[in-house]
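Each of the next two complexes has subunit A plus one more chain, namely subunit B in the first and subunit C in the second.
On to the complex of A and B.
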């Protein structure tokens, strides 16, 4: 029963990263990232309740609370604030058109499926499915990062990769040690803070957050 | 005479009843959607039954045909209506009733495509600019949405082991709640996007507009009047109800719940033998037992039909809420939507292989 909930949640998390890929505007990126993080928080919540009932440990529930505070509330707000300080300019944010991007992501999912099915030590159809879906989230996050021109899009890509890694670890181990989780979160929040400052600086210097402009010489 | 066994006759009668029910209900879902939209805009709105009145009015009116129109223009309304009606004959409303016509879902899709093809032809026929524009847009949308429709239908067909509609519905009934299954929920979302595109709903086409920049389906009906317009609109309404029926009967099956609730007669019908139960019972027994069996299952059938109508109302509400909460897409953004829908269906297909069931 638990497994079928996790199956469907992993499918929905994968779906949300496809949704992210199909968006054109930075505001919708942030909104979709928030949806994805809420789904991950839900997954952690279900698993946390399970471990509380079975073993009486609060670890995963605490992780769930941290996810809600950090990824659902704080980071989207931070991204909105960063986005508000930079200059607003509507321009094309990606190199290829969206249907093509989505089809390439679909290829990435097939690739993830074939590589996971060769691992061998993963037994059980449910675990296999969950790992395939969450590994695809990582790959799509990478691809999102290289397909977007603007800095905020690339920050979102980084966050999606992080989400994917978290979910992969989560589904394959059913709860990592608490210290490891906390370490990852602290890492991530540092990275996001630094990136936020960087984006503001880039915008001040080059009057745009389009990273293609970094190639231009500045005197 | 030997061809008409009692099984076949009872099957044909139940097919006919379901067909009539679909035809009668068809204008209702559009009325519900319009009413909800009007209420959301703080208007009172037209009554829910408005489309029945409109059709009745249009049927009695004279139709005007352009001098330049050829026979295609005159014959199209009949083709569109009869294609939709034939497709409606293939869709079972409830799996509890026996069925003599076992329709293939590919036949259904391409019957509707036949109607659409003639609609495009007739729009081009009179040579008006709007008609040509509407026809070209409609063909583009249908070409974009067709792959995702086929993939999602094939995924459901692959699992149920058949492409016959009633067998697919009977197989989905055994799954329990399909929306708690990764394969079906992805196909379900794909199907919702397909329905929005196929029945010209808001993110793709606005059914209530006559603004030349945005209309697609309406642009093709612009030249029609009177009885011909009534047939075209009725055909479109039937098509919409067919898609809604497929959605609710495939992904929200309720027939097994009737058996669980223990309404007498239904449990016999919904066991492993499935639909054959009623037919065999009614066919093999004599007059007395035959009427007894059908009287017992009548309660279950009525409950199933009421549930079906409730599900259709629910699906119409979902579509109305989608229409309220989204805006119409720019025409060249529709490929993005179609790609998303295709990917949903394809991911569902892939999940089936990964899960290995």
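On to the complex of A and C.
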């Protein structure tokens, strides 16, 4: 019963990263990221209730609350603010066209499927499906980063990778130990804050956040 | 006592926020580094006597053994040298007007946070916390790399934070798989503890563990600057202020490799041999040496040249760990010590040169021997040392790595690596030995400007020369016990 919920959720999270790939504007990236994070928070909520009933432990529920506060509310706001301060001309943000990008993403899912199914000892078909979906989210996150030119696009790609890692940990091992989870959150929020400041500075110095302009250091 | 290892750099970072007087800031920094050295000495004595140093508080988080204490000592020694040198360096920047006095606080705040994250990485038992600490090193040092806040440093810092954060994210996937390989075996409260994983290594799920090793090697390998994930390294090392370059190259790269080695020992113990890990590690090692050799041969910027040389030496250490015989592991660890001391000395000297000549370009520096007698000599001899010439310590450890390759029955590997290192030597010789002679530009007045820095350089030069000829027995003992930890009881 639980597993079928998680199957659906993992598929929806994967779908949201496809959606992200298909968007053209930074505002829609942020919106999609918010949807994806909400889905992850929902997953954590269900798992947290389950572990509260079974073992009486609040750990996963606390993690769920942190996800809502951080990834659903705070980080999207921060991204909007950063986006607001950097003025930029509307220009094409990606190197390949969108249908091709989506096609490559499908290829990534197939790749993830084959890599995971080769590990015979991951038990159970359900676990496999969920891990395949969440590993695909990580791969799509990487691909998103290299397919966009703008600094904010790269930040979102990084966040999607982080989301993918988080759900992988959830589906494969029911989350990392609690201390480790908290530490990862602290690192992540610091990383995003730092990247936000860097984006503003890059915009000041280069008068654009197009990373094609960062080409001074070579050799 | 162990807790003070974490508190000292943290306290120094906090004080850097409060204190406004520059002189007091310098004093706090040096005092904190001295305390750290003293504490590391205490930890070394404790580990030599008992084998490990651990405390029951914080879920058994604190853990030091022979392997981590060696790296901890390197951190402590180099951070003391760097913080003494930084006093002269920062004052020099102030005089030249390239730095505002208010930014010194930021410098020290970030530097001590950076040191804290590195000390944390080396003193924890939990591999998850180790990951957090290594990611913390990236975050703490990003603004240090971009400290001068111009186009070039910003580009370097952006590359640094993006490539390293993403690389480290890959390592986190590896750590999740490591957790997965042990999930039904180990009590959840002790999950991800290195000691527990190591003790139960034989029972872990091998296919998952193999996958985990790949992710971890790629992830932490990015941070250690292994080719082809090295692209951030030359930019960050060359654009950062020189004391920070010394820390990045001398200490940070080691901490990243240390994380790989910790996992490597679990994986090899689980698989019973080093065939799987060996091939991959040797591959990355040789590729790093080759890429570095190529770029060194065509390099025009002396700080970038030193950075590529760091990639080369990380390659040598990875290679040694890939060969995985008792001798090669010993040599690899010894090489870590030697490389750190020599390379940070070179970066500190390069800081003095940069301040004097105002250029990173090799062709812009002439007559160094006359202009900067101490830094110039240290740079000159350091370059000989770093390219592997006797009698310096790097020669001793490098030759042991090759000999172990030949002894393992891999003559081809040994030959290729020796050839590549000959290319590196030629590259460094051709590019840099010129700069000591010739006429200095008129704008450069002879004489050292950074006196504390010059004293540090002399000390370091003595250290790397002496340790090449004579290795004290306690150090040897420590290295041997670290080697036994990696290659469980010295048997392969």
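Keep this in mind: the second predicted complex is superposed on the first by the 215 of 219 C-alpha atoms of A that agree within 3 Å, B and C clash if a C-alpha of one lies under 4 Å from a C-alpha of the other, contacts with A are read in each partner's own complex, and residues count from 1 in each chain.
Note that contacts are C-beta pairs under 8 Å (C-beta built on N, C-alpha and C of every residue); 3 or more make two chains touch, one makes a residue touch a chain.
Remember, it's a predicted structure, so these values are computed and weren't measured experimentally.
The superposition on subunit A brings subunit B alongside subunit C with room for both. With both structures placed on the common chain, the touch criterion links A:102 to subunit B but leaves subunit C unconnected. Contacts of A:4 after superposition on the shared chain: subunit B is touched, whereas subunit C is not.
In the superposition on chain A, A:194 contacts subunit C only, with no contact to subunit B. Of the two partner chains, subunit C is the only one that A:217 touches; subunit B does not reach it. By the touch criterion defined above, A:15 reaches subunit B but does not reach subunit C. With subunit A as the corner point and C-alpha centres for all three chains, the angle toward subunit B and subunit C works out to 160 degrees, nearest 10. Once the two structures are superposed, subunit B and subunit C can be ranked by residues of subunit A touched, with C on top. In the superposed model, A:180 makes contact with subunit C only, not with subunit B. By the document's definition of touching, of the two partners only subunit B reaches A:128; subunit C does not.
Least inter-chain distance for subunit B and subunit C in the combined superposition, rounded to the nearest angstrom, is 19, based on C-alpha atoms.
The intersection of subunit A residues touching subunit B with those touching subunit C, taken from the two complexes, is empty. By the touch criterion stated above, subunit B contacts subunit A in their complex at residues 180-182, 185-186, 189, 335-336, 338-340, 343-344, 346-347, 350-351, 353-357.
By the touch rule above, subunit A contacts subunit B in their complex via residues 4-5, 7-8, 10-12, 14-15, 18-19, 22, 97-99, 102-103, 105-106, 109-110, 113, 117, 125-126, 128-129, 132-133. For subunit A in complex with subunit C, the residues that touch the partner chain are 115, 119-122, 135, 138, 142, 145, 151, 154, 158, 161-162, 165, 168-169, 172-173, 176-177, 179-180, 183-184, 186-187, 190-191, 194-195, 198, 201-202, 205-206, 211, 214, 216-217, 219. Those residues of subunit C whose C-beta lies close enough to touch subunit A in the complex are 59, 126, 128-129, 131-132, 135-136, 138-139, 142-143, 146, 149-152, 154-159, 161-162, 165-166, 169, 172-173, 175-177, 179-180, 183, 188-189, 191-192, 205, 207-208, 211, 234-235, 238-239, 295, 298-301, 304.
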